[in-house]
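Naming follows writing order (A, B, C and D), and every chain is counted from residue 1.
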């Protein structure tokens, strides 16, 4: 069976495991007070060019979204997100469970547009009954989006400007950040993100780690006592080394970027394979998630040999499906896939 | 520097890391739907003698306590715990953050007594204004307790009987369960716990794992859709293999029990070392946490060579301190310690 | 200045105040344990034909929606509502603040259609990742809706059937229930509502009371310990007489229905006034809220003499506005209004 | 049957009802935007000598405590209260339901001592694991307390100084504030309270109103968007007149103080009655709640004619009971009571 159904199929990139093994018998103090945590944070600060950034390591994406959003919003505020945003759909109501409405706006291929956000907020404040409504308190975007698409630098600048205008934070969910940064078509660097966002996270789980996301407050603007908030949410690791050693390794010798680039190269090859065989694409994704249109009979036939994700029906006879590459995808995987197309 | 300050200083027991490395490149489906999760659960069911038990793997103790307690209580209920219980003191208000009061009762050396609980609940229901108060909805105990002490089987039976009487669940926090079960003085087996409790967790983080706690509902009595509740709380690992492989290994060839027994043997030796040198004990702990009384000058002097935890002042000149052994403590550590006593 | 901007402008219907005055110096026990509460509940049970119904008196609509919805949902569930539903828009995120997502579906003139709901729920359960999403746990409708429109009996039956099919409760927000029941065009009786819904509330605040809503569980199916839940939410009146005496009076000699019928008669006259002068209607409302299209210049001119609510822009030169009648509207009010049209 | 069981037995003081009747047919805009709300607030500002104070009218005490405490605390903070404080015991876990721990400290006759609070907070910050614990974020006191006792001005000053020292707000629950202020023994004025507290409420429900509490932020220091927070909590009255007219009347011609003084005079007479007959007092209360020790046989005998509240057992043969006077207690009531002593 070939596997292209997601980008978290394998364990960790071998170098991460190797370092966990090497450091395993060091006696380290708990809760992120160890030296690996310090160096991992420092390497991230260097990579993003923000010496004053605050970095916290959390375990997974939903946990991170819930804690970041809840800790930065007032009780009367909600978070603006695209209708297709992960927080709107696939986090089991985690944001609402922490007390906040997700204020959904229509996006385009998973992306929120600055004008849509501006108009929404303007309309909000011009509504005579706005004090009876949920205040827009933050903008949430994912980059890459759930559709593998990317914001351009100017789109991010526009969103950042709206947030500045209304003095609310811009939050970027970077569950697959590496794959976005290494896309051949992007003009967005991690330093742009650090400059334009108030908070973002660098995804580990989908980019080579066993678990772990690094939340970054680039301006040192983390909510007061975030450590205790993390603890209260049950998100504090006793053995902080687990995430710290992994992020330290990912940010040593640009490993995070190199393995992301590999996944992108594999995605480009996969794209070529499908294109050469005449398949149509559901949308044009520049990252490691590729959305292809299959005839339903072909889909059924391929499922015997290859795992991929059903995305949505296109018409009576066709469906959109998703193929993911990752740091672990090999040329052999692609060659085997080619034989089934 | 010697380390006795806690039982989560090292990474994972080497066998666990080894298995993580061996299985690393298996392509596994996410969120606990992989075969390691299945076998790990099955091995736990066998170990506790409950074929119908439901098992869920979570990441840490506070997360586990918060999710178990909140998912089993009604909104109008609180959880009874000893004043010294972990949920009352050192979880940053996680239980209250999920909406529930911790109803604290005085314990003895960290233990709740069945009679105290029964009297409290009886008094509650005989109070004419009890519908204006928080209903007692669950009993929480830790075993070993925060003081390293253990319930006897008959004490657990008495607590279980109180819970039956008032039809509320008994929940046992087993963050250090292995060390309790392998104590030489205990008459409590893991099957007793499965028989007498409605829910308990088998601690991994403090007993050889990098992270992970196994929540067990021995009668198959987990709250409906607990999977989604776990997701909503940000506690679902995308790579379920991380906890599954570790617990699978811990419950293969009795590793969990063997490494716990090692820690207990080390604790016994440590106890002897202190006793032979004439030190007094703050309380008599039969597990891996030992509480010793030091003169304050001795304390200061030892801190240059040995890490241990300050517990509480005893009198003007003396303090109680805690020394922990673990699966990772060696005879060499104890020999070195002996030279400083 | 003439007032048509809403239906809660005046205090209470004089009979209610009269009874509050008459009973004022009775010494009554607190928290709803008085005899007026008993008789008020009994009169409601009789009016709806459900001797086993449970009735609770709350203070206002948002409070009622929040408590009913939160107390009937599991933590992993949300409530389905029309995009325009009061709980979705104008309750400041009260539902989310209690932990639940409002799952909005497009409606028609404020009404949810049974097919829309059924398709949504079917799609939910056929989504392979539904356990990562918010479960549909209840259907919320308002009757009359926020647009003054009404469900027909067969529409309610269809919604009730969907709820039965998926075993989730149907909840009807009756903030303006009286005005709906007395509409000349409706075929829905209060007994139909009691038969078809699992819970509904009879609005007092907008139908003649100073405050107060009567929540009805027609099948005696209130959540366990709802009294304590109400207390915990800060919604329990120490002097239960305040709402009890008012509802007792509203349900004596059909006062609730008579004053509602008066408002409907006034609305019919108001409608005729506008129609005769050639005004267009934004939508056809059979209840006490009337939506008229005004030229913007006319709108500005009328605002000097009459208060009404701006609803939404229609085109560059026209706006939709809302005029409300109530139990307190008089023929003199309408005659005066006529002079400004 | 004579009634002394509580101070909320009757409806409203007749003058309040009278004004509700007189103003009933005024068309007033909703949600507290009416002129009665304005004048009521202004009268309170004048009475407390704080022209910049912010005043909000809420419906009941638990609601007020929950909203004030939750809106002023950070998520990682709890509220310090006496073990006997209303928020600790008789509000059905309302504070915890909003996410915050009540940090209970032993009091004396219902009162918290400044030193106890200071020592607790100092100990907290000197605990090496305090970031794993609930931060003390506010001090809650009731005045009069649940035992009818009163803080002296210097005690309030001391508590206020502790709060200043640690920069946390001091919150005074004045459910029975009038009875405290009119006590013959007190040296505390309402202006002292406004000076020393960061927030307090002036109780209406127990001091002559049908419902209503006035929350006062004497320094204009209300949390941002408290209006929306109140709405979100279901505590916003559509007809703000209900509480506004009552408070406007209570603060016209010192009615609030006069009726409180009446209750205090009645309590003094009641005290004399019991003392002259040789009854012992459970504690010495200077306000409208009197705690008397009865022989159990006498208690049973009196219950046939008089309602009062059982407080707690004193010894095998005696019980403490509570008698309350109020604005509505008459000399005739006391004369009748005398015949049963």
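The working rule: contacts are C-beta pairs under 8 Å (C-beta built on N, C-alpha and C of every residue); 3 or more make two chains touch, one makes a residue touch a chain.
As the structure is a computational prediction, the values presented were derived from the model and not from experiment.
Novice: Starting from the defined contact criterion, work out which chains touch chain C and chain D both, please.
Specialist: A, B
Novice: Where the centre means the average of the CA atoms, what chain is farthest from chain A?
Specialist: D
Novice: Give me the rotation angle that lays the C-alpha atoms of chain B onto its copy chain D, rounded to the nearest 5 degrees.
Specialist: 180
Novice: If you tally the C-beta contacts for A-D and for A-C, which one comes out higher?
Specialist: Counting C-beta pairs in contact, A-C comes out ahead.
Novice: Express in whole angstrom the distance between the two chain centres, defined as the mean CA positions of chain A and chain C.
Specialist: 42
Novice: Taking each chain's centre as the mean of its CA atoms, how far is chain A from chain B in angstrom?
Specialist: Comparing mean C-alpha positions, chain B is 34 Å from chain A.
Novice: How big is the gap, in whole Å, between where the Cα atoms of chain A centre and where those of chain D centre?
Specialist: Measuring from centre to centre gives 50 Å for this pair.
Novice: Spell out, as numbers or ranges, the residues of chain B touching 2 or more other chains.
Specialist: Chain B, residues with two or more chain partners: 75-76, 91-93, 97, 131-132, 228-229, 231-232.
Novice: Report the residues of chain D in contact with chain A in the complex, numbered from low to high.
Specialist: Per the touch definition, chain D meets chain A at residues 31, 70-71, 74-76, 131-132, 135, 224-225, 227-229, 231-232.
Novice: Spell out the residues on chain D that touch chain B in their complex, using ranges where they run on.
Specialist: 75-76, 78, 89-93, 96-97, 99-102, 128-129, 131-134, 310
Novice: Which residues, counting only chain D, touch chain C once they are in their complex?
Specialist: Those residues of chain D that touch chain C are 1, 3, 5-6, 8-12, 14, 17, 20-21, 23-30, 59-67, 91-94, 97, 205-206, 210-211, 228-229, 231-239, 241-242, 328.
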